[in-house]
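Take a look at the structures below.
Presented sequentially are two complexes of subunit A, the first with subunit B as partner and the second with subunit C.
Showing the complex of A and B:
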């Protein structure tokens, strides 16, 4: 194993691409303002990461669903490892290079590709060396093990945040204790102190964000539904990278207002809405533009993603910041299927959601590297079939383009749309 | 003006099927071996069917194409998915069918029909040749016999050899090892194992979308009585086999053409 010299070209590529998109602003006219805010946020996030070494910033690499708000409150520069890796790979089209790096580390093809890729990215020094690695049991076993490898590759200290499985009082109390322990660790390591007032402000904003996300979901119930396919990944990355941040508030408020205006004008995300789709799990990220094209071509709109963008519960309390950070980790929609337990209540909710959003069909993007979520496919299919909603399962990979061709995906979706039309 | 004839085409990798309908029913049909050029095969299949009617291949046809090569047929008026066409064709031939298994050369598909005969769900696998017609052809070559002979031998099996259902290449290695072990596994038992590997693979797809009687089997593999028998053992009841199981999807495509003509679009 040979660790390469440190590079900054990949991060630079994200910044340049974000600025370029910002200048060109190719989004549909109705969503131009929110899109501009989004790409400005990305450019700022990665510029801060690039400039951290010169400005004396302390960089914390972290895995997905890590409570980044704590880092912001401590003035620590966050680096979301999965998203940074894959944004760099997709802007440069270099997924193969990063996955090959993962393979060099001995990670088998059956392992989650985002984690294989991020390990490869650190091996190849495509990501900057962090001052600390932070990872947690959220949201899968891959996340739980990734951190150790990243620590080793970067020869940096790290902290594993143990988030319990169930949401009972003793377990939530335990998690609050873990968060406190991690803050102590970070204070000692970085010399930066937790600013509790700032954390409280962020908790208040996170609560506002949940409300805004709920309002956005509510607007998507409209017929025709106003939210475009490509917006899905944007909504995810806003919560993953900017929890409790004022720019995220601005983005979500602007998006909500734009969608509300579209609903008022009776304008949908596609020219003529024919199929209202429930999306389960995440479609291949590298096919985002292609799927948007198919969405337009067939009038198929993803109106709801119950496992990812649909926040069911809020109620964070700024006067109890740490408890609220702990609570939020149990509210994130992804934890329902990816961390569990997947309860009967959740399945019932999915059925109700399908009705509320007037769903015609569901598409389960079966990410082959995520075996614990794929185990739930039949459960979702059965409950949806009971209310006469067909579900298409597409075996795919989030980032590895060698698994499916665009033609294959097109063929599968066309066949499914035909089925929906037939009914 | 003469009424347009409704034509259905199923362009598969091994065979191309054409069905011509008129107001009263099936006017003609043809099944030919596919060549390298899907469009030429499609034209040849239609021409062969039309020979039986005295009609010419001209503009007075409305053609719906399905199957793996459908998109290559530039003269078709529309394309439809195989699942939709299978459902249409089967409901026309066997209205009681609620579940159908179609084993083509390169893929296997299971379709579920609702009480109105409409497609309500489906499952297919196309990532590996295991469980397809090509797989059976390869196995026949290994066993040095025709598919018909394999079918006849399968009824004489006393046991069933283990043959994987997940990978055609591994299955081939297993069959070779059965043939060469000392003493060799009886060929009837190997064939029973080969058939079971296809059937067990497809049964998981059937279970995934739900088994409901009546169940039919279509595609060229439906002509293999031995394999159909193994399916029947697994289901615990008899399967329905249409008279021309290879042409069901082409018939469905022709019905779609007819519906389109009736709608005037």
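Showing the complex of A and C:
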């Protein structure tokens, strides 16, 4: 494996794109104040990453659903590897180069594309060299297995955080222990100390964030629903990038207030709401704008995403920061529903959610790189069928545009909307 | 093709194992035991401590899929096409009644395919007893503690389910039976270290397959018979190169036969259906509960690609390559078997450093080896021969 010279053009481009959107913001009345905060957050996140080497920052690359709050509390600069690959796909459309890098490394095409992309990005030095690689078993074999290659490509040390499978006391205790061992490792490696008071503050804020996210979900129950089709991508990335951070509080409060105002005014996210959709799993990132357009055209709104934005439980305790970080790991919607045994209770819960949100139909974005979620397609289809809610399954890839065309997806969605219309 | 060097005696006792494999899952032995009122449990992965089931006087058998490549219509419909064909094949066989006699299934949180197989099995097939064991991905001391707790819990649930007590004596006895099996299999593998091994890789896999499909005591007797027969046979095989098989779960002797048909003698493997299944004995320690010794063995065993750090697996593969004097490694990875796919670039590099080339094959579970595989094996063998010159 020959690793290229360091370049950070992808990150630079994400920062430039975010700033451009911010500058254009005043000229686009459809953008809300919360959008401006969101893009400012993106720019801040990636600028900090870019500037870390000059400013003596210690950079930790990490995989998805990693407890980034620990890094913030230790004054370590986080780099969310999958998110960065997604952003490259969304803003730059340059994922082909990164995926080719993954293929050059010998990674099989069946490995999920953000992971192939992130390995490719490190091979091509399109991401800054991290000082440490942190990865965990959340949420699949891909995340559990991606760290060692990244360590090798960057010649950096790493820590694997073993997140157990079920939420039983011994397993939660084991995970608390793992978090403690990781903190010791990071303290020794970086010379930075854990600031426990800061972590407690973050835990308090994370708890507030969960409540805000629950309020936002509640508001989305309104008919018409006020939240745009693709809005959930932002909800996801805010928690990925800024868990327990004041920026996230500002964003979520602003968003909640905007949605509340819309509900009060009886205003929906689309001109005329015709179809209320439950979105199961994440649609292709790079089609974000296109899907938003379809949503407007057909009056279709995603009102709930039980597998990745709906927080069912909160109750974090700032006086027990590490235990709360561990607990949060089990509350994250995707880890709650998709990692751990898929119980009958979970399936019943989805049925109830469909009723509560007055869902007309569900769309399962079958990301072909994500095996463990796709293995639930039939389970969800069957339980939703029982309450007469049809489910459309769309094969897709989160970041790789060669898997299916926009026309294909448009056609599938159109047909599904026709079916819903006929009912 | 692999050629018999000395005598070429047909090993008659292999038929005993073949009979089991041919009729599995519904073998006469299993059906007879059921008729006698004995319980049968299926397990999904080598991280399930089989001895606990055995000590409860239940017959543990490993759930495997079809032994040939078949259309997986039900597997695809229930599992979706992007899960490994091993899981799809197992589920389909289960959905179509292949395992209808099971009284329980036990899985582990070992990989995405295995844990979803457990979920779908429980939902659509269902058995009176089901348990999934959390298996840490590390083998540190705290990880051992957690795994031990999981094994204790498993034993307790089993006791509740059966209304019995699994005594330490029963556990020690079961461990003895399994350790004997491991020791006998080691003898079989030691034969393969010889310059001209008296058994082929395909024959070895037939034995291994039967090992997790029948009562262990009976298997041990069959194996003793076979070992004695091998000793007497004077057989010895030579090929164009000595190969080791690594990668995803595989229980298909025809695939090995396909490689050996090209002249690559398969002398070693690191599959969870073969070496990783039997390699490490349980070491009982004085004063230590037998369940603890058992759980230590399972988490410390020759690691699956799911474990971190991967170096433990790589180092043991390299040690095997040396012990068995291997010329080349054939990596066979089932499509969508991500743990192994992630390890491949690093493993290739490590083996390269000790001068062992790797042929990487993408396969489907149950494949007998296609024309394309034959061509690639041919080219690999030619390369190995050229390297030797």
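To be clear about the criterion, the second predicted complex is superposed on the first by the 414 of 423 C-alpha atoms of A that agree within 3 Å, B and C clash if a C-alpha of one lies under 4 Å from a C-alpha of the other, contacts with A are read in each partner's own complex, and residues count from 1 in each chain.
The working rule: contacts are C-beta pairs under 8 Å (C-beta built on N, C-alpha and C of every residue); 3 or more make two chains touch, one makes a residue touch a chain.
As the structure is a prediction and not an experimental result, all values here were calculated from the model.
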Key: Between subunit B and subunit C, more extensive residue contact with subunit A   = C
Message = Applying the document's definition of touch, where does A:170 land relative to subunit B and subunit C: first, second, both, or neither?
response = second
Message = If we overlay the two complexes on their shared chain A, which of subunit B and subunit C does A:154 touch? Say first, second, both or neither.
response = neither
Task = Identify the partner contact of A:295: answer first if only subunit B is touched, second if only subunit C is, both if each is, neither if none is.
result = neither
Request  = Give one of first, second, both or neither to describe whether A:414 is in contact with subunit B, with subunit C, with both, or with none.
outcome  = first
Ask   = Looking at the overlay, does A:422 come into contact with subunit B only (first), subunit C only (second), both, or neither?
value = first
Request  = Look at A:378 in the shared chain and tell me whether it touches subunit B only, subunit C only, both, or neither; answer first, second, both or neither.
outcome  = both
Message = Per the contact definition in the header, classify A:390: touching subunit B only (first), subunit C only (second), both, or neither.
response = first
Remark   = Shared subunit A footprint, subunit B vs subunit C, residue numbers 378
Note = As the complex stands, subunit B meets subunit A at residues 80-84, 87, 114, 118-122, 126-127, 208, 210
Key: subunit A - residues contacting subunit B, complex   = 378, 381, 385, 390, 395, 408, 414-415, 418-419, 422-423
Ask   = Can you list the subunit C residues touching subunit A in their complex?
value = 77-84, 87, 109, 111-113, 115-116, 118-120, 122-123, 132, 134-138, 142-143, 145-146, 149-150, 305-306, 308-310, 333, 335-339, 341-346, 348-349, 360, 362
Inquiry  = Considering only the defined contacts, which subunit A positions touch subunit C in the complex?
reply    = 1, 105-108, 110-112, 137, 140-142, 144-149, 152, 160, 162, 164-166, 168, 170-171, 174, 177-178, 181, 341-342, 344, 366, 368-372, 374-379
